[in-house]
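Chain lettering (A, B, C and D) follows the sequence in which the chains are written, and residue indices restart at 1 in each chain.
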Amino acid sequence: MDEKTLIAARVAREMTDGMLVNLGIGLPTLVARHLPKGIDVSFQSENGLIGMESLPEAGLADDDLIDAGGTPIGAVAGASAFDSAMSFGLIRGGHMDVTVLGGLEVDAAGRLANWMVPGKMVPGMGGAMDLVTGARRVIVAMTHTAKGAPKIVAQCSLPLTSERRVDLIVTELAVIVPTEAGLELRETAPGVSIADVIAATGATLIIPAVVPTMVI
Amino acid sequence: MDEKTLIAARVAREMTDGMLVNLGIGLPTLVARHLPKGIDVSFQSENGLIGMESLPEAGLADDDLIDAGGTPIGAVAGASAFDSAMSFGLIRGGHMDVTVLGGLEVDAAGRLANWMVPGKMVPGMGGAMDLVTGARRVIVAMTHTAKGAPKIVAQCSLPLTSERRVDLIVTELAVIVPTEAGLELRETAPGVSIADVIAATGATLIIPAVVPTMVI
Amino acid sequence: MCGFSFRTAERAKNSNGNVHMSKVIRLADVVETIPDGATLMIGGFLAVGAPLRLIGELVRQGRKDLTIIVNDTNRAGLGVGRLIAARAVRKVVASHVGTNADTQRQLLAGEIEVELVPQGTLAERIRAGGVGLGGILTPTGVGTLVEDGKPVIEVGGRRFLLETPLRADFALIAAKHADHKGNLDYALTARNFNPLMAMAADTVIAEAQDIVPVGCIPPDQIVTPGVLVDHLVAKEQSHG
Amino acid sequence: MCGFSFRTAERAKNSNGNVHMSKVIRLADVVETIPDGATLMIGGFLAVGAPLRLIGELVRQGRKDLTIIVNDTNRAGLGVGRLIAARAVRKVVASHVGTNADTQRQLLAGEIEVELVPQGTLAERIRAGGVGLGGILTPTGVGTLVEDGKPVIEVGGRRFLLETPLRADFALIAAKHADHKGNLDYALTARNFNPLMAMAADTVIAEAQDIVPVGCIPPDQIVTPGVLVDHLVAKEQSHG
């Protein structure tokens, strides 16, 4: 299992029946493929749909139906379409149970930075700021390091996406829960030691007495 | 022609082709019956419809279709339905060309009071405050006096509907335009003298050199 | 109402083969979850689009001390007017109470509290509560009694009132169609405040004229996505 | 598309028997009314629901110095990306410009001004412009770069940014169906910003995939009432 699949599969275990979920572009999209059996989750696409699903076959693409990354998608029976104000009303208004987003950095206070690298890459925040501010639960799904450098740091050097503390960080090495006291290591990936995680992390971790191995 | 019909017929002459119009409950409703020939106006009902028309026959009433006064109505081909936020978005957002409302008082500054008589009658403002604040043009259609007392007064004694100066006052005696300088008498009803209007009015009127007779 | 879809049926069952996530609940049972003293948003405009069965059951169960957020109190003894007549209501937040003589009488006698809100402001305050805004700035009410106690904020040289969000414990709404997932649509002027209230309460209870299988309401026609609806009132066997 | 209605046809003619209030206009003619330097709202999300014919004609006519309010600048050379590639745009107000390499290049080279707005805030600012609000209070952006220069207002112990309305000289929008009165509906994710922008500009120009007789779009399905639409781009004879 490659690291992205591992992360997506672990995040998928956070989903429960009946949830409304928004998956960010890239890695988070993979989460939909790993939902536990019997779990019925509604996926929102913030460009205006509840009930997105992957397109069964390329020949069925509809010119009017894409996800927020521009990929043609399908829609489940019972899907609903709406405008951008309604879409973000759902997000900001606390109706979104979970959002899963990628990250450039998360700091010791659990704050996410994921929308720009000043002077280098200015894509814009798109829907990320609203999602991180408004979703009931924010899960960051990202690789633990980038080119060997920790992405979990004492303080974000990049512009914040929100001052809100995210709820869960899932990487290919660990599951970490940001708490008021700091970042708590909750699980390590199979074959990964606590020391490995500490070495790859740029912020202090709280290590509980028992740290179970991630179950996928 | 009774006085309400006279007022309604005169107000109707303010309508031009393509306008979006909201008629208040009561007297203003009559305006729809007196539209000049060839004028196509869209009537909004603020409970959520553009394209209302009077019901052709009682037997055709739809349980889901009433005007803002609770009367069953019809809908023209090309009518559209929407929620209350959209309805008042149209009103507040400057999309309503004209609103015609009844009045309890209008004062020398052209300010309307029409939503409560403290201690006696507290119906509430309904949509009136939004209409008077937001419509491009506000026409007050009312009898000139109530039980012999002027309804056009130096200063409103009743709570204001809006601080906005209304655009036109049409009564069974006169057409009056509130201006920055004061209330200007523009027309007198057939058989009514300028002196009659002055006598029935509780505020100073500006009398131009020529005051034509109201054309119905 | 629409062609049967194997896929829909499949989705309505979980891996154990049981139908899950059912939102359908008996009228009496769902109304029992609403306590005395609760704050309720109730859809409808002069009773058109009002959840008449839910209102009737609240009266039958003798609920008391309610705060209701409504456009109006309908007519005496009709729709929301039944709650007023039954003296189930302590406070009304509404844009208009002039059509109901009971409300007028209780109001002038000081037996009921009434907070009057301009209709457009009421719609925006409920919407703000539902979409997570901290408030909205409206020109409506500036320079009137409605301004009292509210911050006046100047933007671009114009003055606006800061109006704050409204939320409720329960929203009771009425729809034309509901599907089995709770997706709703509305008919003509029966839409009014219903879709706004469906976003602004902790628990949303919907009654529908017709309940149809999933897929019968096309995606572009659904106004209230089913994820917003907690309970859908079951149709009851007619005893006629 | 729907049954012919004698009543509809009658209504489309005035007392002189002439068809009046026609909103239909040739593509080239309506685009000529848009001057260099204008501020345009343009609907669409990654070009889905974008008015591609209007965009193409703006490029063909060589319009310059535009300010565009859009969700994104699509991909290089596609949709709104054609305006960027043609260097027709002086300033972009958008939530995301990362999908278009041309925008990125012009931005980092200082050749184009970009104002980034969170997507939900962008939607609410456009809506506020369309529905006459002086602004909205949103929690989004508090404590980030987006807060810079904006009033922070506390309501109920929480901090919110005061975000002001957006309006434009022209809104260019795309619909699924338009009827002869300009009533519009939208399909699936092609709806996005279009209905919001249709309320927030001095002049609204719509293009539609299909133009249908009045009455073909039922009242509950119309999303943008025709009164909001100033011009409807005519279908052109296909030369295939």
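Quick notes on this one:
The rule we apply is simple: a residue touches a chain if its C-beta (ideal position, glycine included) is under 8 Å from a C-beta of that chain, and two chains touch if they have at least 3 such contacts.
Remember, it's a predicted structure, so these values are computed and weren't measured experimentally.
Among the remaining chains, A is positioned farthest from chain B, on the basis of C-alpha centroids. With each centre defined as the average position of its C-alpha atoms, the distance from chain A to chain B rounds to 55 Å.
Between the Cα centres of chain A and chain D there is a gap of 31 Å.
Among the residues of chain D, those touching two or more other chains are numbered 124, 127, 131-133, 138-139, 186-188, 191, 219-220. Chain contacts: chain A has residues 49, 75, 81-82, 85, 88-89, 91-92, 134 touching two or more partner chains. Shown are all chain pairs that touch, namely A-C, A-D, B-C, B-D, C-D. Of all residues in chain D, those touching chain A in their complex are 45-46, 48-49, 71-72, 75, 94-99, 104, 107-108, 114, 116, 118-124, 126-127, 138-146, 176, 186-196, 223. Those residues of chain A whose C-beta lies close enough to touch chain C in the complex are 17-18, 20, 37-40, 42, 49-51, 75-82, 85, 88-95, 134. Within the complex formed with chain D, the residues of chain A that make contact are 45-49, 62-70, 75, 81-85, 87-89, 91-92, 119-130, 133-134, 159-163. Residues of chain C touching chain D in their complex: 124, 128, 131-139, 153, 155-156, 158, 160, 162, 164, 185-188, 191, 219-221. Against chain B, the residues of chain D that register as touching in their complex are 5, 7-8, 11, 14-16, 20-21, 127, 129-133, 179-181, 183, 199, 214-215, 219-220, 222, 225-228.
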